[in-house]
Structure formats: structure tokens, C-alpha cells
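You will see two complexes here that share subunit A, one where it goes with subunit B and one where it goes with subunit C.
Our next item is the complex of A and B:
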């Protein structure tokens, strides 16, 4: 079965980013396909590679990147939510005249249409957040 | 239909909204801080027991365990792990997250 996941909460905020990750991992282990993970609202903060959590804590951003690399996941960050919160890729850096980009490996910035498509193409859309 | 609730009923009214709006025969999964609603002897346990007469109520075991609540869960609530959560989503035709 095809699943899409929506994450509305930032890392280390409450628990939703963790739950979304554990659910995604369990779905893959059960043999399901993850069509897309869409990061919306504060959830876009899952996509910065500049986080440095304490060494004995889980690295939420890296964990998403590693899962994406292992399973070729499509991790999409909402562009409008990203612009507000300073999540920037190469294209956004140039377009908005910023001096840096910070998108984590495996993530890409795109529009809300990707969420709509994720809802249409997948058999199930599961939302995690506050 | 599967309904998920992720906040404590003592913090937010999303569980109350879920119980009010969900239909008989549906499944309700309590995750994150909402697992406090799965414990017996609270101000909301009677509402949960009432809902269990017509709806299936589940709680995410890792979240119950993380809060030290495993010995206090209301009889009849099924504890499931993440694989069970995935199966529940697959088995139900759609999922509504009460955020």
C-alpha cells in the first residue's frame, strides 16, 4: 500500500516528528511504499542540516536524511513555510539573495501542490503534528 | 475510519472533539500524550469506557510505556506498537488526526 506522511511539527518540539519517523520506518519495514513525506508549518525545521543536538540525543534531521537515502524517500519542504523560517536551498538562496543555504541531504523545497498530489496518489495520508 | 489523538485530554479538547464527532464502529488510537486518556481512574476514563461500547479504542504501547502507565490502562484498550499502528491505518479506509 502507498502512504503519504504530513509532518506539521518541528524537531525537539513535542513528539510528532519522532512519531512520524517511527511510523514511516515501520511502514517501510512492513513492505509499504512511502509516496512522499511533506513537511509543513514548523515541520519545515526538520529540514535544516545545521542542527547539532547533544551526542547522546537522537539526531532527528540526520535520521530523516538517512532513512531517505536508504529508501529513496521524497522529503518535501513547503516553500512558503520554509521562506518564513529560513530553510533555504541553492535555488531559494539565489532567488531571495541570501548568503547561505541550509537544506539537509534528501530534502527538497517545493510547493503545496506536492501535498495535494501526495494525498491523491497515496492510498493513505497520515498527519502528524500539534 | 481511524481517528488519532495525540494530546492529553487535560491539556487540549481534541479527544472530546474526536469522541463527539466520530461514528460508531470506528477505531480511535491514542498516541503521544493522549495515552493519559487510556489510564483508568481519571476524569475522562468514563468517557473512554462509554466510547468503547461502540468504538474500538487503541493506545500506542511505546508511548504508554514511556510514561510509566502500562499498569494503569483501562481494561479492553488494545495496546499496539508502531507496526500495529501501520496495520490499523492500512485496514481502515481513511485516517483523521485530531491535532
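Our next item is the complex of A and C:
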């Protein structure tokens, strides 16, 4: 089956991004396809490489990046939600005159149309969040 | 992308206090450009999103209440409000925004977008949807 995943909550604050990751990983291991993972609301905070959790804790951001590299996952961060919360890639940095970017490897910033398309293209859209 | 799917947006949270309601509306507006079959549902505290007379001056937030009245212009004409959620909050349909859409096939006659439905009817609407986005 072809899944799309929507992650609506921030890392560490809420278990949703953990569960979304575990679901995505399990689906891939079971031979399913992940069309796209879309990060919305505070979920965009899963895409900053500046995250530095304690060493004895899981690194949620790196975990997504590694899964993306392994399975060529499309990790998309919503641009409107990202702008509000300071998640920035090279293009956004230049467009908005910022002095830094912080997007984690494997993530890209794009529009909400990518979420609608993810719903249209997949057999199931699974939403994680409150 | 010629395939048309039934998108159901379930709005469950109060309009202010968290950003879910506003960012849900942003998805609805962007999604309207995709020519899909769109339905909105308002349940629980989500019914407060479409209560009329909202004034946000005291909390220094943008009042996005007028955006709901524009939904008809985006061809969004199926808006379901759960009866039980209204009743529990002492609200009736008269407390809600007067949301309309214009029927092209009937000389642009204005029609009500809001339909009050029971919890059981809403369950059928959810069952019928291809994609349920819950906010």
C-alpha cells in the first residue's frame, strides 16, 4: 500500500512525531511505500538540524534524516508553518533576508499543495497529532 | 492529477488558544485550488470557530472569522456542524456565521452552506470520505 504521513506536532513536546516515525519505519519494513511525509503545525520543528537532545535520548531529527537517506523518503516541511517557526533553508534564507538556515538533511521546504497532492496520490493519508 | 477524492476537514478546536484552527483554514484555502470534493465538519470546541460576532481585539490576534464567510467563493459549500456539540455549549444555528454559496445552475441563487447534523450522521459523512484531515 502507498501511504502518506502527516506530522502535526513538535519533537520531544509530543509523542506524535515518535509514533509517526515508528509507523513510517514499520510500514517500510513491511514492504509498503511512503509517498511523502508532510510536516505541519509545530511538526515543522522536526526539520531543524540545530536540535541537540541529551546523549542518552533519541535524536528525533537525525532519525528522520537517516530514514530518508536509507529509503529516499520525501520529507516536506510546510513553508507557511516553517516561516512562522523559524525553520529555514537556503532559498528561504535569501528570500526573507535571514542570516542563517537550519534545515536538516533530507528535508525540504514546500507549500501546502504538497499535502493535498500527498492525499490524492496515496492510498491512505495517516495523520499524527492532537 | 485528474482523480477527484473526497477531502473531509474535521475542525475540533477553539479558534484561538492554539493555531490549529487557523492553519486548518490555510490548508482548506490552498486545497480548494486542487478541484477536489471538499467537506468541512465542525465538532467539539471547533463549533466556536464559526460563531458570529467574534472580537479578538483583547487578545491581540488577527480575527480570521471573515475568512470563513469567503469559503463559498472557493466553491466550498458542504459545511456540517455537529448538533450535540452545539447543544452542549448552549449554541444554536442562529449563533453561527451565515455562510452561503451561490448556485451557478440556479441563476446564482444564494444557498446555506451550513447543515446541522447529528453525531451519527457525521459518522456516515466521515465513513464516506476518502481523506480525513483532523485539526
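As a working rule, the second predicted complex is superposed on the first by the 130 of 130 C-alpha atoms of A that agree within 3 Å, B and C clash if a C-alpha of one lies under 4 Å from a C-alpha of the other, contacts with A are read in each partner's own complex, and residues count from 1 in each chain.
Here, a residue touches a chain if its C-beta (ideal position, glycine included) is under 8 Å from a C-beta of that chain, and two chains touch if they have at least 3 such contacts.
Because the structure is predicted, anything quoted here is derived from the model rather than measured.
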Practice task
Would you sort A:23 into first (subunit B), second (subunit C), both or neither based on which partner it touches?
Solution key: first
Practice task
Considering only the touch criterion stated at the top, classify A:100 as touching first (subunit B), second (subunit C), both, or neither.
Solution key: neither
Practice task
Once the structures are superposed on A, label A:127 by its partner contacts, choosing first (subunit B), second (subunit C), both or neither.
Solution key: both
Practice task
Quick one: classify A:3 as touching subunit B (first), subunit C (second), both or neither.
Solution key: first
Handout entry: Shared contact residues on subunit A - subunit B and subunit C
Key = 8, 125, 127, 129-130
Fill in the blank from the handout: Contacts from subunit C onto subunit A in the complex sit at residues 1, 3, 5, 7, 19-20, 23, 26-27, 30-31, 33-34, 36, 130-135
Completion exercise
Per the touch rule above, subunit A residues touching subunit C in the complex are 6, 8, 40-41, 80-81, 84, 111-113, 115-117, 119-121, 125, 127, 129-130
Problem - subunit A-touching residues of subunit B, taken from the complex the two chains share - result: 4, 6-7, 31-33, 60, 62-63, 81-83, 85-87, 89-90, 94-95, 97, 99
Handout entry: Complex contacts: residues of subunit A adjacent to subunit B
Key = 1, 3, 8, 14-16, 19, 22-23, 25-27, 29-30, 32, 123-130
